[in-house]
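The following blocks contain the structures, represented as structure tokens.
Below, chain A partners chain B and then partners chain C, in two separate complexes.
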Partner chain A sequence: MSESKKVSLPVLGEVDRRTAVKAGAATLGLAAWAAAIKPWFEWTAELNTDEFLQKHYRELSPEQLQAILNRLTDDARKETGKAVTVKDHKPLPGVSFAYALNLSICIGCRKCAEACHVENNHDRPSHQSYIRVFEMQKGGIDFEKGDATYSHPVPAKDKYYMPVQCQQCENPPCVTACPIEATWQESDGIVVVDYYWCIGCRYCEAACPYHARRFNWEKPQVPAAEVNPNQSYLSNRVRPQGVMEKCTFCLHRTREGRLPACLEACPTGARVFGNVLDPDSEIRWVLENKRVFVLKEELGTKPRFYYFFDK
Partner chain B sequence: MHYAGVTTYYRFLRRSLHVATDGGWLFYAWMLVLTAVALVGANAWAVQVRDGMVRTNMTDHVSWGLYIANFTFCVGLAAGGVMMVIPAYLYHDHDMHEVVIVGEVLAIAAIVMSTLSVVVDLGRPDRFWHLIPVIGKFNWPVSMLTWDIIVLNGYLFINLHVVGYLLYTRFRGRTPDPRWYVPFVLLSIVWAISIHTVTAFLYCGLGGRPFWNTALLAPRFLASAFVSGPAFILLVLRVVRVGTDLPVNPGPSRLLVQIIRVAAVVNLLMLASELFTLFYAGGSHLASARYLFFGDHGKHGLVPWIWSAIALNLIGTGLFFTPAALERGWVRPVACACVIVGIWIEKGMGLIIPGFIPSTLHEVVEYAPSLTEWKVTAGIWAFGLLLLTAMLKVTVAVFTNQMAEPVEAAGPGPTTGS
Partner chain C sequence: MSVAGVEVVRKPAGPPVVPTGTVDEKGRPVTIACATCHATKPANPDARVGRPLVMFHQGLGGQHGNLSCASCHNPADGYASLRLADGKGVPYTDVMTLCAQCHGPQYRDYQHGAHGGMTGHWDLTKGGRARNNCVDCHAPHAPKYPTVFPAFGPNDRFQTGGGHE
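For the complex of A and B:
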């Protein structure tokens, strides 16, 4: 319509005016666009170029990894004023971890969840933890009748308590789901996340049948005084915003021969942890002598986290 | 000769840009509103990236929300365009062949919208390069998400090629060489089915989510896509017929209505089959469906959504079956609007969200999209419609031979064609 008008007469003024208006509109549009996405640049200004270009954890040379650990340690020390160390704990040969939990003596005090919160430098305001403790109705193992938000003295009558955390599946659906191999299983059975590789698509969180994964919906806030200074690259260092995290069986402790924080915190001794390849270990004794079961066995995920009743 | 080819192509691009940004007052108002909404969306997204996904109402319990819901619908929209391609190329429907490019153009815009819907859902969009094969770490063939990335990008490029080739050859006044586009068109038919199948596999492949873990999901996705896609095309064809000089015969639209009639009934039948299995057998698989349709533990957040979807789908399907739907009147656009909105809810708020409620450990945590999520989603739609409008403008101009330059502007360069 307007096209035919232009062609009919050599009215150059009309064409030029339109071009000028269009150019003006385009300039305005670009300016508006720049203003609209300004918050993006406020955010990228705080980012580190090395971190942006960093390769996948498993492709880093020992020197590159060391440089990253040094940088992380320096940054954490500057930020907290504490003697933080960020190490890289490798899986030990001949070790395959397993966890067992005695449901007969767990009283649902949530000390394990609290210890996890502190040990793993979790976000304080959201009171994040890798462990959720369910108050269950005696007479079955039915989560539909369970409640993880109870707030009354424990143990309550006719209830038992079921803490649930990452089951460190031998056949982990979260690892299969990840489009970029940002999460994988290590030789000792622990499933880890490279916080610098994860893009935060949360497909693993949808895939996990145990509600074991957590997302950093914002930058985790941990007051400097409360930061746990003993940190590891793949476990409890303070996570970046927008990435997944999960229980690592406290690999920064367990790969040094210590026990997970949740186990140490348990006042009833309901938790048993160890190397199943060690015939003299307590975990081996439990697996051989107690009638243990796993959650959602029918899914074929093969958890390394076992439950059992004592009486 | 080579040089001439480059300048001709450059001229095509320049003329396309001109035509795509030129129109009447209504056109400018439309583009201005879309641009404004897109900017609001872009701003909301930038703020979300800066402050974190805490700006959304998603939680560790409901870890996917409106974005992935909208993504699923847009993939269906893109696949729906194939319902013009099949009659045009496999059944040699002459009238459909005339307008089939509208379906391919819509597919391009819809794929762009689905990709954007995933990008805005990422916690770390700055690490997007990790997804690029070779330089990143592409977990193919294990992760279904990598399959989805491949099929969606493949579909985008196939359609870009077909549309680009057809427009450019017509611009040059030549007859398109079938060898250069028919194989791609045929490939696009298979590919269209694959994009929605793989998208369904993303969800139904998860053993821990009983509500999604059904073999009927992919067929259901396809059936509903063959309703929403053609319905959207019918609306676009109406706008093209009323608003442009492109002649649009009544035949293609009638055929699309016939296709919708079949697909809508198949979709409702599969929905009924799914619901029967869930509710009659009961058990743990029922939990999400019960929450979705009737509420659970005193929580009813999705109940209004799903019943609206069912009502809209039934009304829309009913209207499509009236004889008036075959005529050019108001019944057809109303029916289209009903099924588009109905299926948008059914596939999103009625399918993605209840997959997370109750959670895998049966906790009922509700979800309703935040203002940020609505703004970003509206922005994606506005951007998609901008793209669609611009591409349709060029298409119409090429097909009605209105791409010629104003007489004065013709310089000493090579002349059109040769």
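For the complex of A and C:
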């Protein structure tokens, strides 16, 4: 039976089964290894080791943060050819922001949404904006009957208009939902996202009762000439792909004492913004003298975005 | 650039003038003051907003309650000023005083920053702000805010029905 020892696989010629299995396993192993290390070969200028090993925003030392801001500024300048500055705006002490919107005055012109789109370097093809304006049937607040895609002269008969953006809740369900603390509330009430820490699981988007959060399915496309150069780390810098984004009350403006872009754009003056801790502020006057209400009060989110009617 | 702590309310230009469509030898447009005609014509208290005028100001329409021309325009000084309800004149630049006579709630809201809009700073210690006056947004003869076509709407996957959502 000495001939039987010479039996081999027909394809492999003089190789026995054991060797063939070994070779096959080695090939599969190599393929798996290649797939595993593939991202290392795809590293580009957009992704470097500093970025890969970057810590959570709140764990960064001032020096580390400054280095990151410098790097982001350099990258943005290279990419756009504009004098972009990426700063880090800290909350102001003694400031707690609130926003109010007069539904009697709002005409639904979407100028606020457009201003947000431009100010916050939103993706151009998707017309992204943190503000969604609902055309609502007069007589109630029923979002099921609201329409955010209207395209006709406004205001239309028997309609009123309700712009909805992040309500900057005092009890934000999105923050609770985040499994990795990539989003949190700051001392002035603004809920922010660390775009580097966010893993894009979209739990926060599902948790938000106001649908205020957006996901970057793709890297936002903003023509270099249209990029707003006044940027902030937690706010309007051009977001990476695959992370959440949300309204920050334009913290890159408001933490410098300026008004949010949506307010400045409003042609009817329906929007009131300010520091609710300042008894002489406009927002305090509105809260004390108008019959304000919040959206979905029964959920206990305690929004700091108020709505009111004049009559 | 805005100055810290200063709230500037934009003011309208002075008394209106009537363009003649001609220019003088230096190329400047020739305009006529109201009093040029009105000095020789007595005021017509029956002329009202929205009622067509046959001789002059033809085509001047609008809708503003049941006001007559003389409700707001002051015949006493050849229409170079506005006229308050008590008959006193008020310069065109102070038009808000005139409007506030009837539109008290709006004026109250305006004084508290809850009407009319603004640009600049919420924190006046960091910078100033600019505010509209009544006639920046409301045409005096037809003050109802006009119907406008809205800016672009959302174009994300919710609206277009495709893609990941």
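Following the convention adopted for this analysis, the second predicted complex is superposed on the first by the 270 of 311 C-alpha atoms of A that agree within 3 Å, B and C clash if a C-alpha of one lies under 4 Å from a C-alpha of the other, contacts with A are read in each partner's own complex, and residues count from 1 in each chain.
In this text, a residue touches a chain if its C-beta (ideal position, glycine included) is under 8 Å from a C-beta of that chain, and two chains touch if they have at least 3 such contacts.
These figures come from a predicted structure and were not determined experimentally.
S.K.: Could you say whether A:F273 touches chain B, chain C, both of them, or neither, answering first, second, both or neither?
M.R.: In the superposition, A:F273 contacts chain C only.
S.K.: On the A-aligned overlay, A:A83 touches which partner chain: chain B = first, chain C = second, or both, or neither?
M.R.: Neither partner.
S.K.: Have a look at where A:K22 lands relative to chain B and chain C in the superposition and call it first, second, both or neither.
M.R.: A:K22: touches chain B, not chain C.
S.K.: Under the stated touch criterion, which partner chain does A:A148 make contact with: chain B (first), chain C (second), both, or neither?
M.R.: both
S.K.: Looking at the overlay, does A:N289 come into contact with chain B only (first), chain C only (second), both, or neither?
M.R.: second
S.K.: Who touches more of chain A, chain B or chain C?
M.R.: B
S.K.: Touch test for A:A224: chain B only (first), chain C only (second), both, or neither?
M.R.: Once the two structures are laid over each other on A, A:A224 reaches no partner at all.
S.K.: May I ask you to decide whether A:R132 touches chain B, chain C, both, or neither, giving the answer as first, second, both or neither?
M.R.: After superposing on A, A:R132 lies in contact with both chain B and chain C.
S.K.: So, does A:L259 touch the first partner chain B, the second partner chain C, both, or neither?
M.R.: second
S.K.: Starting from the residues of chain A touching chain B, keep only those that also touch chain C in the other complex, and list them.
M.R.: Residues 132, 148, 214, 217 of chain A touch both chain B and chain C.
S.K.: For chain A, which residues count as touching chain C in their complex?
M.R.: 100, 102, 105, 107-111, 113-114, 125-129, 132-133, 148-155, 214, 217, 254, 256-259, 263-264, 266-275, 281-282, 285-286, 289-290, 310
S.K.: Over in the complex, which chain B residues touch chain A? Could you list them?
M.R.: Checking each residue of chain B against chain A gives 19, 21-24, 35, 39-40, 42-43, 45-47, 49-54, 56, 58-61, 63-64, 118, 121-128, 130-131, 136-139, 142-146, 149, 202, 206-209, 284, 287, 355-356, 358-363, 397, 402, 404, 406-409.
S.K.: Can you list the residues on chain C that touch chain A in the complex?
M.R.: Going through chain C, the ones touching chain A are 105, 109, 112-123, 125-127, 129, 132, 137, 145, 147-157, 159, 163-164.
S.K.: Tell me, which parts of chain A touch chain B in their complex?
M.R.: Chain A reaches chain B through residues 1-3, 6-7, 10, 12, 15, 18, 22, 29, 32-33, 35-40, 42-44, 47, 52, 56, 132, 134, 143-144, 146, 148, 164, 173, 176-182, 197-203, 205-211, 213-219, 240-243, 296, 299-301.
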